[in-house]
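Some structures are shown below for you to check.
Two complexes, one shared chain (subunit A), two partners (subunit B, subunit C).
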Partner chain A sequence: MTSPVTPTTSRRGFLKAGLATGGALAAGGAAAQEPDPLITEVQHWAQGFGEGVDATPYGLPIDYESDVVRRNVEWLTADVISSINFTPIHALDGTITPQGCAFERHHSGAIDLPKEDYRLMINGLVDTPLVFTYWDLERFPRENHVYFCECAANTGMEWAGAQLNGAQFTHGMIHNMEYTGVPLRTLLNEAGIRTEGKWIFVEGADASSNGRSIPLDKALDDCLVAFKANGEALRKEHGYPVRLVVPGWEGNLWVKWLRRIEVTDGPVESREETSKYTDTLANGISRKWTWVMDAKSVVTSPSPQSPITHGPGPLVITGLAWSGRGAIQRVDVSIDGGKTWQVARLAQPGQPMALTRFYLDIEWDGSEMLLQSRAMDSSGYVQPTKNELRDVRGLNSIYHNNGIQTWWVKANGEAENVEVS
Partner chain B sequence: MTSPVTPTTSRRGFLKAGLATGGALAAGGAAAQEPDPLITEVQHWAQGFGEGVDATPYGLPIDYESDVVRRNVEWLTADVISSINFTPIHALDGTITPQGCAFERHHSGAIDLPKEDYRLMINGLVDTPLVFTYWDLERFPRENHVYFCECAANTGMEWAGAQLNGAQFTHGMIHNMEYTGVPLRTLLNEAGIRTEGKWIFVEGADASSNGRSIPLDKALDDCLVAFKANGEALRKEHGYPVRLVVPGWEGNLWVKWLRRIEVTDGPVESREETSKYTDTLANGISRKWTWVMDAKSVVTSPSPQSPITHGPGPLVITGLAWSGRGAIQRVDVSIDGGKTWQVARLAQPGQPMALTRFYLDIEWDGSEMLLQSRAMDSSGYVQPTKNELRDVRGLNSIYHNNGIQTWWVKANGEAENVEVS
Partner chain C sequence: MSRFRDLAIGTALAVTLGAGPALAERLGLGRPALPEEIAAWDVKVMPDGRGLPVGSGTVADGEDLFSFHCAVCHGEFAEGVDNWPQLAGGEGTLDDADPVKTVGSYWPYLSTVWDYVNRSMPFGGAQVLEPDEVYAIVAYILYSNFLVDDDFELSNENFIEVQMPNVDGFIPDDRDEVELPLFVREPCMTDCKEGVEITMRATVLNVTPDM
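Let's look at the complex of A and B:
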């Protein structure tokens, strides 16, 4: 393994040997004056002017990156208006997810809701039922936090074994954005919660309304009524103009186009929170209210959609780790299917309920690898293997699969989604 | 001033009084059942389905936000291929700048440079001149850091007095993104720096080449050879596929389409770093090598492009602060042109060489205000007034105007760029 900061001689080795791939010039100052044939044969500097600053008032990715987009899986749902799309995590680095390619899911389509028409009602067991306009919300003290939003069904297809071939599809039902909004407790306190109020029921303005019950203690803790993500207005598909942010908890609770918050004395047990988003165990009994997303991680590169395109030598292994119960404290990486582990380097100290980027910089010997990552969070929880999960949960589950993922990286650099026993 | 977390009764007051703007229902549980006329008169929930998840593989802002875009000022430069565009900071919140609306400046147009054609040469006073392909760079250990990039000319038009009416134009030559890249020292050490090497000269692949001299100690400290911003590939206008990141220093050193790094025994003193980007004092002598961006701040809302649209009562004052010499430790806000100051609330603890969001939540009495903000950084430096700057620098300067900005907010909520003596 190489040091995270000091390059090894072997790195220089691959560069010296690398002329065929545009590597080093022959050593020596004089030689440095000789043009690299590869430099003269490609136009690697401009012969004329490029685009002006007025060309892109709002810019999009360059055409060469047109494959770095959200994708949905046609067979996964009956219709695209109640479906999911996936963040291209295999092609991203860092931790922030741009809104334009950030995972989103909706139950009756992304609706068009102008700020002028927006209303948020707080009613039920409150002293003063209130209705807020969008501009009312902008008058309350705001907070900013980077949080991940993960669908409870992320990795759900993998319960029965390796299914989908690509980190985007196995783990891409997640995004990580800097949300700006008003603490939900501020608005609830404004209405005044009666002593009988123990839960809230939140609804969206879309046709599904997507009602969800949330215990009052979570509502009063860290939930945000958010109107911006990564600094700018929420995109239409992320709930413009206002969505709920429920840090560390299932994405389906992060109600978009937030319309109504009713304070109740108990959970509503709506269709979508009973027939769906529950975990049926081997004995047929379903666990409900399993809102918190446990510690999880995945190697994003190399991976099936991000194969190794070079030979043996220096290789950057990277991925993402997160926990709904706190901050990521450590990530281990195995290249031999979990027999041995190395401590990965965290790009930054883990932040509560936010994605953490990890790296392991190795000298790849060119032989095949069984790549795995294992996350540990500030609660002391360690990410389990898929079989450890199955022993406890059986095979009837869809949601909350946070088992350790394995990529079989072959000698030719290609990777496949596999399971190790 | 209100508490940052607990709403005041006056907030409920404006809601109770606010029916005309969709405020509170009449108090009482029974009344909560009565529909708000404003809710029935607007379609505030969907009567049908919205867009499917396949509608936006890569999403753009919703049409209602079409004014939240970069803008350039026609008269500022002779041609848009050597010009500047401005981040719409008046409309953003949080700290991250989306790439699509992030400030950028170039000297001969944004060029189209495919990864296949990309080469980075390191030559000059090195043991082994090297040429890297894009994929070579991806094999070195990476880092992730959120840094601001500010043009030395940001606020430059204001030396002679209040000129441009809008925070986007006075202070929008700045962005703040999470950059991913290889430490420059890693690549320089790979080539091996000779003892005579004291500076580097960096060039871009655009026609201007935009050569810049940087002392070796900065090059070996925290500079990054970056290929991603906010998780995804650099946009074309931000230097795709590779740019230099020089934390805390003038944006013109952050060379885009980075082509060559020559290790030299002294500065090259290129045209662009002598005839431009120097600070001419009152006596006609020009200061050079003034690379570091000093502590600075600006109120982004209310501001000329973001007027107050409501009457007296709760008002959120917000803005941005940053320093190239460390982290923002404190921001003060004045509503009376600097006679009295209140300590603003920082959304998060300041991070070195990154934007910090601040808030001051007040009860606005509806009278006019002279809004100012004053930043303090971890070096102990306090942002000066414009007149304090002029006393030292005279009126010949263009760059490095970090003086305190004043917005005259009128009783009708509109704001103007003004100066106070």
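Let's look at the complex of A and C:
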């Protein structure tokens, strides 16, 4: 049945843990005591029919995966219309975020804007102010790029200390998609930028408008006016039919339901770049225009929502790393709270301003761990600890918390969000 | 139409964008925006007051309008109800442990107040206010923050004379100067610290939603 194996300490440990929990008996080379009825008895799926090809014109995940969903945290905001929910990053792998569970952040809800009713205006300091229909946009030459969109407030609840118990809640205001769209510079070129033009102001069709100012350099560099994500049209809640993609920069700038781009001679200093998305330092002075999202990482498993259930033995430690300053070059992982570090394995070479998956395969001896990950990007920036950030910024900057996360993995395999010295 | 536009302004484009990236020829897609269309959508107001429509409103009128349109969430005195934003108060708290950030204590420009109220408030019923009503509501918010007297009238004429207390409270992103020298470094790999103590636990707070 199974090949003879030489029991090792870790295998014995694994077997013991398996017996203790009553699970995982057939794995890992441990000899089965009884034949497994899932093998020896004919199962119904091996006998009858499954569903026909007409059952599901557009499918959802199988019911067993029903916990892999967006979640919100009620007490974070006054209501659910101007609010946030969280991507279940603890349960995902690879780098592409399924659109159906990719986080949402609205300021006046997810609006329903048909392509027929969509208009994009370019005005201001241009030779010819223009109006485009959705169908006009599809006639411009297109590009495809994978980028992360991280809310400026991701991990913001953790400035004062460990609060929310799960990677979904501490790090899930993020998604990573392959976008198809027209370079913003192509559209600006169509209108013709005048020499006095130094900034653009972008706003959405929704009631909040979410207007933001962006320097012209960035607008002409890599911004994308996107209408597809992960191969299909944008989801309603992600800006259908057209959103702005601003690689590496805080999610608030990724204006959804994009309706107007104005070339201006200066910043508008709108509500979303004065009252919000400004970062107050300990001395009461606030940073504005903190656009770039710095290098960051998090172990997604094990983590509080993804405990170790299989006992000691081989363990896959995995997580995500990303940087708005460039490509991830390396991720280090510590299992002892930052005393020693090992270089993790990148699933793919890091791509600029996109999520990167890392793995560290270890032999877990069943003892407690303080798990951390530390990202390094192509600019040489090394992800700091939370305390190093607090030393510079204090506790009240709300946004841009890219400090190193610690999970306390206990002997029973459960994990908890903690802070360490 | 669009082909004509290309001919007419193609030369100007080559000159004005000389310093920028090399751009392809125009495709002639889209059509010129009409003045009425631009007026309908371009309602932004700049910090120097550009974009303000002609109009005016008094604190007294603003008080009535605020009571009708705004007070259910923001309170009769703009002090905020429950979790809804507080628009007044918090002076001098920005370096406190718990800063109270309001229009009076935090916002740098009055233009932002006018612009945001005009385009996005009231929440759930945006873009219903006439310019004079927006002037009046903004005047009342200023009054609630003790920045003007109760007989004040705000107009497009005196708008930029209003000084916001925290106008000098912002600096452009200085991470490149302040943080990169600290964080661009060769990281420690072994014996990085002597001991490790758990100093805080999320389960003590117990504010995570049940799953």
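Going forward, the second predicted complex is superposed on the first by the 377 of 421 C-alpha atoms of A that agree within 3 Å, B and C clash if a C-alpha of one lies under 4 Å from a C-alpha of the other, contacts with A are read in each partner's own complex, and residues count from 1 in each chain.
The working rule: a residue touches a chain if its C-beta (ideal position, glycine included) is under 8 Å from a C-beta of that chain, and two chains touch if they have at least 3 such contacts.
Keep in mind that this is a model prediction, so the values were computed, not measured.
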{"item": "Contacts of A:Gly366 with subunit B and subunit C, given as first, second, both or neither", "value": "neither"}
{"item": "First, second, both or neither for A:Gly211, with subunit B first and subunit C second", "value": "second"}
{"item": "Partner chain in contact with A:Ser275 - subunit B first, subunit C second, else both or neither", "value": "second"}
{"item": "Touching partner for A:Thr290 - first (subunit B), second (subunit C), both, neither", "value": "second"}
{"item": "Touched partner set for A:Asn417, first subunit B, second subunit C, both or neither", "value": "second"}
{"item": "Residue contacts with subunit A in the superposition, subunit B compared against subunit C", "value": "B"}
{"item": "Touching partner for A:Lys339 - first (subunit B), second (subunit C), both, neither", "value": "second"}
{"item": "First, second, both or neither for A:Ala78, with subunit B first and subunit C second", "value": "second"}
{"item": "Contacts of A:Asp54 with subunit B and subunit C, given as first, second, both or neither", "value": "first"}
{"item": "Touching partner for A:Gln348 - first (subunit B), second (subunit C), both, neither", "value": "first"}
{"item": "Common interface residues of subunit A - those touching subunit B in one complex and subunit C in the other", "value": "71-72, 81, 108, 121, 123-124, 127-133, 136, 139-141, 185-186, 189-190, 207, 209, 259"}
{"item": "Subunit C-facing residues of subunit A, complex", "value": "67, 71-75, 77-78, 81-82, 107-108, 121-124, 127-133, 136, 139-141, 161-166, 169, 185-186, 189-190, 192-195, 201, 203, 207-209, 211, 220, 259-260, 262, 264, 266, 268-271, 274-275, 278, 280, 282-292, 294, 304-305, 332, 336-341, 370, 374, 376, 379-384, 388, 392, 395-396, 408, 416-421"}
{"item": "Residue ranges of subunit C touching subunit A (in the complex, touch as defined)", "value": "5, 9, 12-13, 16-17, 20-21, 23-24, 26-27, 29-33, 37-38, 41-42, 44-47, 73, 82-85, 94-95, 97-99, 101, 103, 106-109, 111-112, 115-116, 119-120, 123-124, 126-127, 169-175, 178-180, 182-185, 187-203, 205, 207-209, 211"}
